[in-house]
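Next up: some structures, all given as structure tokens.
Two complexes come next, and they have one chain in common, subunit A, joined by subunit B in the first and subunit C in the second.
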Partner chain A sequence: MEKFVYIALFAPLVGSLFAALFGMTPKKTFIGVISSLLLATSFVASAILATYVVQTGHGIHVTMMDWISAGDLDIPFGFVVDQISVTMMVVVTLVSTVVHIYSIGYMDHDKSFNRFFSYLSAFVFSMLILVMSDNFAGLFIGWEGVGVCSWLLIGFWYHKPDESPDVNPSISPSWAANEAFIVNRIADLAMLVGIFVLYWSTGSLQYDVVFPALPYLDDAILTTAAIALFIGAMGKSAQFPLHTWLTDAMEGPTPVSALIHAATMVTAGVFLVIRANPLYSMPEVSEVSFFIASLGTFVAFFAASMALIERDLKRIIAYSTLSQLGYMFAAAGLGAYWIALFHLAAHAFFKALLFLGAGNVMHAMHDELDIFKMGGLKRVMRGTYLYMGIASIALAGIPPFAGFFSKDAIIETAFNEGTLVLWTILVVTAGMTAFYSFRQVFLTFDGNERYKEFNIHPHEMYKFVLIAMSPLALLAMIAGFFQEEFHKFITTSLEIMPNYEMSHHTHELALYLGILVLIFAIGGILLAYKKYANGLVRNEKVENSFIYQLLKNQYYIPAFYAEFISKPYALISTMLWKSVDMKIVDATVDGIANMFYKGGDNTRKMQTGNLSNYLNWMAVGLVIMLLVATIYTLKA
Partner chain B sequence: MIGLSHYLVLSGLVFSVGLVGVLRRRNLLMLFFATEIMLNAANIAFAAVSYYYNDLTGQMFAFFIIAVAASEVAVGLGLLIVLYKKFGTLNLDDLASMKG
Partner chain C sequence: MDNILSVLIFFPAIAGLLGFVVDKSSARVYGISVATVELLLAIWLWMSFDGTNAGMQFIELIPLVPDFGINYYVGVDGISLFIVVMAALMTLLGMIGMSIEKDIKNMIISLLFLEMTMIGVFVALDAIVFYLFWELSLVPMLYIIGAWGGPLRIYASIKFFLYTFTGSLIMLVGLLFMAYLYQSVSGVWSFSITDWYALVLPVDYQIWLFLALFAGFAIKVPMFPFHTWLPYAHGQAPTIGSVILAAVLLKMGTYGFVRFSLPLFPDASVIMIPFITVIAVIMIIYTAMIAYAQEDIKQVIAYSSVSHMGVIVLGTFAMNAEGISGSIFLMLSHGIVSGALFMLVGVIYDRRGTKMMSEFGGLASVMPKYALIFGIMLMASVGLPLTIGFVGEFLVLLGFYSISPIATILAGTTIILGAVYMLRLYKRTFFGPITNEKNENLPDLNGRELTALVPLVAIVIWLGVYPKPVLEPIDTSVKALISFMHEKAQTAEAKETIILSKTIKEAK
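Coming up: the complex of A and B.
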């Protein structure tokens, strides 16, 4: 079985390096094909590992080689394939394979086609390192690896100019890439602190050494580690207040948004909390866990509210990703780790599908993303309409699609834990989710064909792309049925994944609770249908209202950051540059250089060309050295 | 009785004569003579110290120096002849062509 671990892990790396060889050359379709095939290989290997883990009930732990071995610090390159990581591996490789194949079609006209595949495969490799590593150091390597790949991919169209927001409402890719990278660095700092604290107090970074040692640690240490690791997770999973980068990251090519900013990378934060569940389920850190749940719930609502009025197709989906990540954190914070993981998997399928569908629309509309300028696309884009519809139903949580089961389980958890405030918010958010996802579907595909005014002639995507998307559509529809099987599988080993069951009381009420959520969801859809299905009617009064403007400006948070963080930071930087760097650091260095310069200039006169003079100088030198030697000897 | 210190003083004096010659003389040939004087000052010191300690190493060293000085003079004089043929003088003040 060990070889399958390595195949699953290294196939994407091979694909990436192979594509990198052709990085600077013009488009070659076979690069995309080979990368996709290697990804498919990785998926097959993951699937074989998954069946193995299901059948035997225990994981595989391999140590490839020693990595760092210095004093007491011993970090091997070890990989663990257990119930959690195998689930992640299957999800990641499946979605990535689909996205790779999709990209062959989507990036068809891009001149950096080969480079794109190199980055994309490198991303998958990093993500697999992240989920498979058996220690925190490896996790951190993967964590940074996906960060770098995300930076490369968001800024993939780096040649687009930097324009001020007044000229171009969407920002430039290179700006967005930097924003994502820097925001993540802030969070990673906290994560490093968390890792250091754990190493410092347990003497190891291996999961199977750190987690059993947790009960013997101080409350303060546990709390610090839990908080610090969660801040890291907040950055990667774009939780408030580090959420702004995710929507701006939509400047990257759409397959990237589907793969990285919906299905895989942003779930790394959730994965971290799930992986570190022994830490977060310690009674000493229950406040931290509850904070995670509350923050998740808040973000779920907060992001959904901004999605309600957003006009940019991809940004709507990005907000919905934020919102769903909030749901996952809510579940994880309340202790229902397996439910969080289940929602993560189900969400990956329908969210990737949704993004890829949005990519089709974008392709058809010649990179126009404003849904107010679309409408009626279902007549020309049947396949995409179908996929987007399926994905939106799944996202809205209508049975029997995947989203219903996973999201309902989370909402039920909130009820079961007696946190009725969280429960209420989550239910309301479910309604909002349904509303905005169908608002987007109706505005894009139904109603009058507004795009005709802008002289756009949309066309459907290539057939093979639509076929490649079908596995996601299928899974978005049926993944929910495997909830019980998944539950049994994931909780086989309770050390890795604690069980979570609803109480009897909740169990009896489950049906009514489900129906309540369903009423909200259907209500949202009906409202969206009523408002948008028959064309867009814009209401000036609503659009000028305070709340609309508040939501449109994302609660003025980006503006706040720009005003109170970026600007003062730039000011301080300029000040330090001008007064400290130029006047102290540079001046010192220049001063030393000048000293030598002047010294050289003056001593140059010594070189007269006259041997006699040189001999005199030599004698002087000799005398000086003799004197020095004498003085030192006398001293000693 | 003449002791070690006398020899060493003599060696020092001869060395100083040589050093002054190196510093003051402008003729290259004279410089060579001065160098030879300095080398021989060292030889005196070596031979004296060797005798004093009853150790032949110092005298062996003196012989080495004589051999080295001889070969140095052989090569040096050859160069001086070439130099004189080329410039017609051995005065250092006239030979200063490599100025900084």
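Coming up: the complex of A and C.
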């Protein structure tokens, strides 16, 4: 079985390096085909491993070679394929394969086609390292690796100029790329601190050494580690207040948004919390866990509120990603790790589908993303309409599609834990989710054909692309039925993944709770239908209202960061350079040098060449020396 | 070859002397050949080095002034071995990448003399020999900056010379006093560092001596607030000067801490930790912020060097094997990466005659290979895992966490602030549309530049993925150093702070 571990891991790397060889040459379709085939290979290997883990019930642990060893620290390149990582591997490689094939069509006219595939496969490789590593340092390799790939891919169209934030809230691809990288780095520092804490208290970074040692550590250490690692997770999973980069990341090509900024990379934070569940389930850190759940719930609502009025198709989906990540953290924080992982997988399928559908729309609309300029697209784009419809139903949580099962389980968990405030917010958010999802569907595909005013002639995507998307559509529809099988499989080994069951009381009420959520979801859809299905009616009064403006400006958070962090930083930096470093530190050095120089220059006047002057100076010197000698002898 | 170290030291110098008779047109080829042979010798040294032996190897001892115990005494251990190899490597690659035509012969000869002094400093085991090479290294550098530099070259080179020279004189006083103390205790004169190691000094003496040596090392590193000569030196120096200065000469200071301060004054070193920590943290954050404010690409790299040297200094005082090994590894990785970055700045300066960011923009589409290599070096500079930059930085921060979590977090901002100034630089230079039409037809890297840069890229990735061949010998020597310091320390505080690794504890 070991060889499949290596095949699954390294096939994308081979694909990336192969594509990189052609990175500076004109487009060659076979690069896309070969990368996709290698990704498919990786998927098959992952699937074989998954079957193996299902059948035998135990994982595979391989150690490839040493990486860093110094002092007592010993970090190998080690990989573990257990229930958690194999689930992630299957999800990641499956979505990646679809996205790779999709990109052959989507990036068809791009002159940097080859480079794109190189980056995309490199991303998958990093992501696999992240999920498969058997230690925190290896996880950090993947963690930073996906960060760099994300930087490269958000900034893929680096040649675009910067625009004012009023015209384009993300300014430019290269700006958005830098923002994503830097915000993630802030979180990474916290994550490193978490790693250091664990190292100095357990003497290792291997999961199988650290986790069993946790019960012997004191509260302060556990709490610090839990908080630090979670701040790391907040960066990657774009949780408030480190969330602004995710919507700006939509500057990247749409397949990238689908793969990285929806299905896989942004779930890395959730994965970390799930992986470190032995830490987060310690009773000593229950407050941290509850904070995670609360923050997740808050972000779910907060992001959904901004999606309500957004006009940019991709940004709407980005907000919904944020919101769903919030749901996942809510589940993980409440201890329902397997439910969080289940929602992570289901979400990956329908969210990738939604983004790829958005890519088709963008392609058809010649890169126009404003849904106010669309409408009636279902007449020309039947396939895409169908897919986006399926994905939106799944996202809204309508049975029997995947989102219903996974999201409902999270909401039920909140009820089961007795955290009724969280439960209420999550239920309301479910209604909002349904509303904004269908607002976007109706405005894009139904109603009057507003795009005609802008002289756009939309057309459906290539057939092979639509076919490539079908596995995601199928999974978005049926994945929910496998909830019980998944539950049984993932909790085979309770040390890796603790079980979570609803209480008897919740179980009895489950039907009513489900119906309540459903009422909110259907209510949201109906509202969206009433308002938008028959065309767009704009209401100036609403659009100028305070709340609308607040949401439109993302609660003024980006503006706040620009005004109170970026600008002061630049100002202080310039001041330190020009006023402190040049005027104080350096000027002091020059001042001392000048003093000697001037002193020398002045005393030079003694050298007059006049003998009687010299005799005078000799007398002065003699007197001083005698004085010194006298004082010295008196003292002694 | 028992006298390999002498060969390594004096071969470039003798070849440099012979260089006077070489024809000007073949001076570059001559220089490259000599540097290649020197690098091969250095690699041979590495290959015959016993990585499991923590002590000094290839020792040579020739009495010079027996009455005062001054000997020509050289040797190499895991700590100095790789710095020697790196000095030889960077000299060779710097020469290959060099675009200077003017007075090329003088340049080659200066570089070969400089190579002698650099290698001499790192293998010297006698304080006087060490001091001689230390000071001699100033002369070729003074000439390189002063003769091939920019408009302010005279000011910059004299500032560089006098500033570091002043520090070195204080250091010399410290070294002489150390020898005097040794004589007063043992009755014989000795300048041998290994003899000095055996001397257990009272704590107050340790502190004074520590400070005297600190003056020499701190200016060389350069540590805040003694760093202001560096931006001038880099700003005015030709590319080759900056490459050697950043890659090798700055490491003399941090190497001095490891070779002298730690083992000679273990108690003082522990007492001085708070003082050093404050300076190092200021260095890291303050210069990273100044780097962000720069408009000149080369100044960004120059200030970033100071910031990274802060991390190295911090690691040196982590008092555990993780931190000190990391610090030495970071010396190497900073040498490789900053050397490469200075070469890269030189590439664009050769083409356009300017290093201002505002003159560029959109270079990624006209010079993709250049953008790629710059991108890789950028990532190594910000410490991306699987590049050479991560290993050292990670180990230093990890190691220092046991001394002070707060200081580690403050110092750890280097990974954020480093990304901030480097990404801003990259965005303004390489991304966006091409705004200046002079940049539209810039040629990409040529064969000469690629020959100099590709090996560095290979090393950056090789030692990022598999640092073991280098890290292991370093770690062996560092563990021995730590265990020695632990033995020698007198105060309880020092004994407690200097953390022995488990393997050594068990061996006892």
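Operating definition for what follows: the second predicted complex is superposed on the first by the 573 of 636 C-alpha atoms of A that agree within 3 Å, B and C clash if a C-alpha of one lies under 4 Å from a C-alpha of the other, contacts with A are read in each partner's own complex, and residues count from 1 in each chain.
The rule is short, and it goes like this: a contact is a pair of C-beta atoms (placed from the backbone, for glycine too) under 8 Å apart; a residue touches a chain by one contact, two chains touch by 3 or more.
Values in this document were obtained by computation on a predicted structure and should not be read as measured data.
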{"item": "Partner chain in contact with A:P161 - subunit B first, subunit C second, else both or neither", "value": "second"}
{"item": "Touch count on subunit A, higher of subunit B and subunit C", "value": "C"}
{"item": "Partner chain in contact with A:N616 - subunit B first, subunit C second, else both or neither", "value": "first"}
{"item": "Touched partner set for A:Y556, first subunit B, second subunit C, both or neither", "value": "neither"}
{"item": "Touched partner set for A:Y597, first subunit B, second subunit C, both or neither", "value": "neither"}
{"item": "Subunit B versus subunit C as contact partner of A:F564, first or second or both or neither", "value": "neither"}
{"item": "Touching residues (chain side subunit A, partner subunit C) in the complex", "value": "23-24, 65-73, 137, 140-141, 144-145, 148, 155, 158-162, 172, 174-175, 178, 181-182, 185-186, 188-189, 192-193, 195-197, 199-200, 203, 569-570, 572-574, 576-578, 581, 585-586, 588-589, 593"}
{"item": "Of all residues in subunit C, those that touch subunit A in their complex", "value": "159, 162-163, 224-229, 286, 289-290, 292-294, 320-323, 325-326, 329, 362, 364-365, 368-369, 372, 379, 382, 384-386, 390-391, 394-395, 397-399, 401-402, 405, 408-409, 412-413, 415-416, 419-420, 423-424, 427, 430-433, 465-468, 471-472, 474-475, 478-479, 501-503"}
{"item": "For the subunit A and subunit B complex, residues of the former touching the latter", "value": "604-612, 615-616, 619"}
{"item": "Subunit B residues within the subunit A interface of the complex", "value": "19, 22-23, 25-26, 28, 31, 92-93, 95-100"}
